[in-house]
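Below are two complexes that have chain A in common, paired first with chain B and then with chain C.
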Partner chain A sequence: MASERILPLQSAEEAVATGRRRRALSDTEFALAFGVPVLVFLVLVVAYPLGYAVWMSLHRIMFFGGYRSTFVGLRNFERVLVDAGFWWSSWVTVRLTAEAVVLTMLIGLGLALMLNRTRAARGLTRTLVFLPWCVSTYGAGLMFAYLARGQTGLGTSIAYALGYSQPVDLMTSGLVIEVLAVGAAWTMAPLVAFFLLANLQTIPKRLYDLAALDQLSPLETFWHVTLPPLRYTLFVFASIVTVLTMKLFDFVFVMTGGGPGTASATLTYQIYKISFENLDLGYGAAMSFYLLFLIIASTLLLYLVWGRREVLR
Partner chain B sequence: MARIELQQLHKTFGSLAAVQELGLEIAEGEFLVLLGPSGCGKTTTLNMIAGLEAPTSGRVLFDGRDVTKVLAYHRNVAMVFQSSLLYPHLSARRNIETSLRHSGLGRADRDRRIADVVRMLEIDPLLDKLPSQLSGGERQRVATAKAIVREPAAFLLDEPLSALDAALRLSLRSEIANLQKRLGTTTVLVTHDQIEAMTMGDRIAVMSNGRLEQIGTPDQIYNDPATLFVAGFLGAPPMNLIAGEVEAGCFRGIGFSLPVTAPTGPATLGVRPQDVRVVASEVQGALVARVFALEHLGRESVLIVEADKSTKLRVLVPPSFGARVGERLFLAADPERCLLFGAEGMRLPLHPAVPG
Partner chain C sequence: MKRTGFLAVALVVALFWSLVPIYWFCRMAFLTPLEIQHYPWPLIPHAPNPAAFYNIFGFRYVLSGNLVSPASGQAAQIIRGLKDSFLVSLIVMVVTLAITLPLAYMFARMEFRYKNSLLFAILFAVALPPVSTLIPFYAMYVRLGLAGTLSGLVIVDLTLTVPFVTWMLIGYFRNLPPIERLAWMDGYGRLAAFVRLVLPLARSGVAVAAVIAFLFAWNEFTYALVLVNGTTANTLPTAVSGFLHQYPEPGNLAASVLITIVPPALVAYFLQRHVSEMNLVDPVR
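Right, the complex of A and B next:
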């Protein structure tokens, strides 16, 4: 239709030719042109593995004595529920996640508040603060393992500096999850900080003057002026960090290997061990679906008790 | 209610002198307007009166008491900020309550005061809304309520109307002025809008580049400007300013002269558009100019003429006046209504009083 307007300027033949070439795509065609490749890609990278995982979870797969698979229905899912290792790993995962989320939010908020005040060498400070996020979790795992171990760690050097002669090992079954949480927070907090910083900079300076005139204490000022614009971002990142921590694997793998013993065997680590060390792929797949349920349930819970109120605002 | 004095107030930010040698006195119950272009130091001055910013040197006195080192909340001032700032996540009611949170008043007293301001400003239906749900005018009322509920020693208003549309500004202007007179609270309003200043203030303090140019009633500021800056800043359409020279008892500008008794040197002649007339060519000393544009305002028209390439003059003419662009005209100014300014921008007397 659009070509009609330019008709008078061209010969009929030309008009037909350009008309065909320039014919505008309809909305549906346009949507398909852009949508189909993405859908195909998603099917390949998400739906296929997911479908394959479902298939595995319903089968008993054996490698020894020749590969074979037998359909076992929901037997794998039943086995998970009576597996003490699964419950222990679930607890480890929940504990690690809760600690990592709280730490990440607090460190992120602290960094954001600090960056918001820093004037000198602003670019350099921001770069330094952002760096941990750019470090691979594999590298961070190696570093934190080094820092937490008794022979080389921070604990020992601080103890020696204070005059004690005993090395302090932080990688004990009682503390290892906290060490993991600190490490996870170290890698994720910078990203949170930068989003919070963006929010902080939208706060009108005059609001702090209003608070000063109202005699609000520093805490009240923080609560009524600084925090409100951050709350939605805090909720979103609490959700994101929950998901990221629950599916954290490489960090645990490199840093603790699930140990000492099974003290830091998170669900991801447990699934890895079952699937790729014990080669019980069907059982591992079933357990990975429990991890998926746990992730969905946690974020849903977070939304119900917190997010819903923030979204309503 | 307080009498506020500023003595030799200085404020510098790094190498920038925001406010210099500012001295002024605000009487109890007075409505003073700080007027000036942006960056002239008027908001910094207001902040120093409020105690939100400490002066580099100089003193702030409330009722003769030096409060320069007293923190903002102990001065008992209330402020309304640009775009009527409120805590965004608190309802209108809680915003107003926050003003009294640390006032030390009992529950009953607080409730009574809040009920009073709610009645006075008719904001009852707005109390449970969040600031984002209020219109500009409603937010302004709530911010005003939040300010007056404290029964402060002084109201400080920082361009409270600048973010509102023109019609609303017009009605709120008189509302604020009316409220101020009813409450009788000392009030300082900062604005860059000369009409706001002229219509609301008991007195106007005109500032420029951190200095006080002139302080006086709207009438004094308009009719008797002390400096070239004040003369040019106030009035719409603006005063005609003609650069020239005083020589041998005569001001010579573009193609005309006016007898004055002022010292020899470069000078600027100012005359308001209403004090210039279009005349027949015969009148002696008339200025020749070409019509540049004619703006119809309804009640009157503004004739804009070009006296030379760089000088445009404005003349108020009756609405019936007709003129073609490019047409030659003769203008004459009322010599009694002309103002003369020296090279430094200070006002010079046209006819110094004859001694004796």
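Right, the complex of A and C next:
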């Protein structure tokens, strides 16, 4: 693929241009024709709400006793920094994300390796394994809420089947984040597996024959033959899963509602509560910028400690 | 021999992992009213009871012993939700493809000024959390008269699908052999070469991008909850969320979540054969 990039497209285009035919659209013209409408769309639809959020974060907005807004400068941002609820939610978000990313990547890799080997009923197996991805995050939230709760849960059913008569509630304040992480991994792992499987299909069979000739153990084969072409995709999806987990809202909303207490109040849930229940829009907007900062900072960190090495490889 | 055994075990574990949560809801949907009253519910329904699937579509169902399971009050919303969700998802899918295919091709194969900054602008849009843009969107929509309309929902969905699908497709286009140069030599213009040659060649990537766009729109809940819920425009996720407040009917809740899985699962089944042809690599390098 790298060699393909070396061939300059420009020269091929100039070859056409010097021919008898009418000169085709140049790269820049093509980019203008297709890129500009899309950018206008993105600016209108993304930048306007973003600008509006900036405006809100600089104001104190009140609904009770008539709508009014007063400019307060950076006071909302200062308030966030001394808010214990914000720091707790940040910790919950970071813990959930770290657990969900590790679980999703490991399970995704495992599923991809298995699917790559499976020959029997291939289409059916693939579809069944990819099925969780078809479940919306809010649907998955409902499923895991029922799976984890004491009355209806998996734990209780197993306990009863084993002869115990004590319900097992997994939605306790100590465990609820882990349960959320498992649920998040359940919905996202198929996406990772899907892309890793596509990458696995490009590894030449010949390499495995050579590895067999060298009498590499299965672990060594995995480490030296299978893993290297996957590493970059693994990094990219670690970033994607990080972003998706930090943005996760409806899953937490339907599954735990931030509870028990505030044990699973992620930043997204906290912002929702401040903006939609307390109707403190300016403060909620300010906090959402801290979330945006956290998302960008953690993907950047991933890039610096891992991605940079993979790009140079 | 040992390896086949290991693979079989892995397969069983993987299927368990993927299917247990879905089975949990299947079982819930088929429980009889009597079974639902006693915790814990049996692992396998003794007499599978399809009443919930009738009820959520607005039909009553007569159980054995002349018990009547009444039609759900949520049925009208479910049916409307199915219709609206289909409409929104199809439109989002088509528009996303129309926008992202040329865009991704452009980023993958062409050199132009500001390319990298434009690419990062698109990736920035992926990072934007919906909770921070919900209120601005709502305020903007009320002003523009888009709140509570399906077109408003289509526009919001596009802000999610366009950046994500573009990101995905750039890597795909990059891996295609550069056959369009042959077309240029034959006198095709850029556009003609793209439409007649590149797109047919990339059809599996196009198909997967289509599924992803469809799924995003089909499953979008956060925006729909705020922007269209409680209006005449109503998508399936918000319709299903109506069951959350009817606690005594977990069967209907489970059945309605299960029907939301069917259309994307069918799409996934018909498109999984393209997976082996796919080769997606990240565009930012």
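Note that the second predicted complex is superposed on the first by the 278 of 313 C-alpha atoms of A that agree within 3 Å, B and C clash if a C-alpha of one lies under 4 Å from a C-alpha of the other, contacts with A are read in each partner's own complex, and residues count from 1 in each chain.
Just so we're on the same page, a contact is a pair of C-beta atoms (placed from the backbone, for glycine too) under 8 Å apart; a residue touches a chain by one contact, two chains touch by 3 or more.
Note that the coordinates shown come from a computational prediction; the quantities given were computed from them, not determined experimentally.
Superposition note: with chain A as the common reference, chain B and chain C can be accommodated side by side.
Of the two partner chains, chain C is the only one that A:Met143 touches; chain B does not reach it. Contacts of A:His224 after superposition on the shared chain: chain B is touched, whereas chain C is not. When the two complexes are overlaid on their common chain A, residue A:Pro204 makes contact with chain B while staying clear of chain C.
Residue contacts after overlaying the shared chain place A:Gln215 against chain B, while chain C stays out of touching range. With both complexes superposed, C is the one of chain B and chain C in contact with more chain A residues.
Of the two partner chains placed by superposition, A:Glu78 touches none, neither chain B nor chain C.
Once both complexes are placed on a shared chain A, the shortest Cα to Cα gap between chain B and chain C comes to 13 Å. Chain A has no residue lying at the interface with chain B in one structure and with chain C in the other. Contacts from chain C toward chain A in the complex involve residues 7, 10-11, 14-15, 17-22, 24-25, 28, 39-41, 43, 99, 102-103, 106, 109-113, 118, 121-122, 125-137, 139-140, 155-156, 158-159, 162-163, 174-175, 177-178, 181, 184-185, 187-191, 215, 218-222, 225-226, 237, 240-241, 244, 250, 253, 257, 260-261, 264-265, 268-269, 272-273, 275-276, 278-282, 285.
Those residues of chain A that touch chain C in the shared complex are 1, 4-5, 7, 9-10, 12-13, 15-16, 19, 21-22, 24-25, 27-28, 30-31, 34-35, 38-39, 41-42, 45-46, 48-53, 56, 107, 110-111, 114, 117-118, 123, 125-140, 142-144, 146-147, 151-152, 154, 156-157, 160-161, 167, 186, 190, 194-195, 197-199, 201-202, 232-233, 236, 243, 246-247, 249-250, 254, 268, 271-272, 275-276, 281, 284-285, 288-289, 291-292, 295-296, 299, 311. The touching residues of chain A, counted against chain B in their complex, run 204, 206-207, 209-210, 212-216, 224-225, 228-229, 313. Taken in their complex, chain B has these residues touching chain A: 47, 50, 52, 71-73, 77-79, 81-82, 85-90, 98-99, 101-102, 158.
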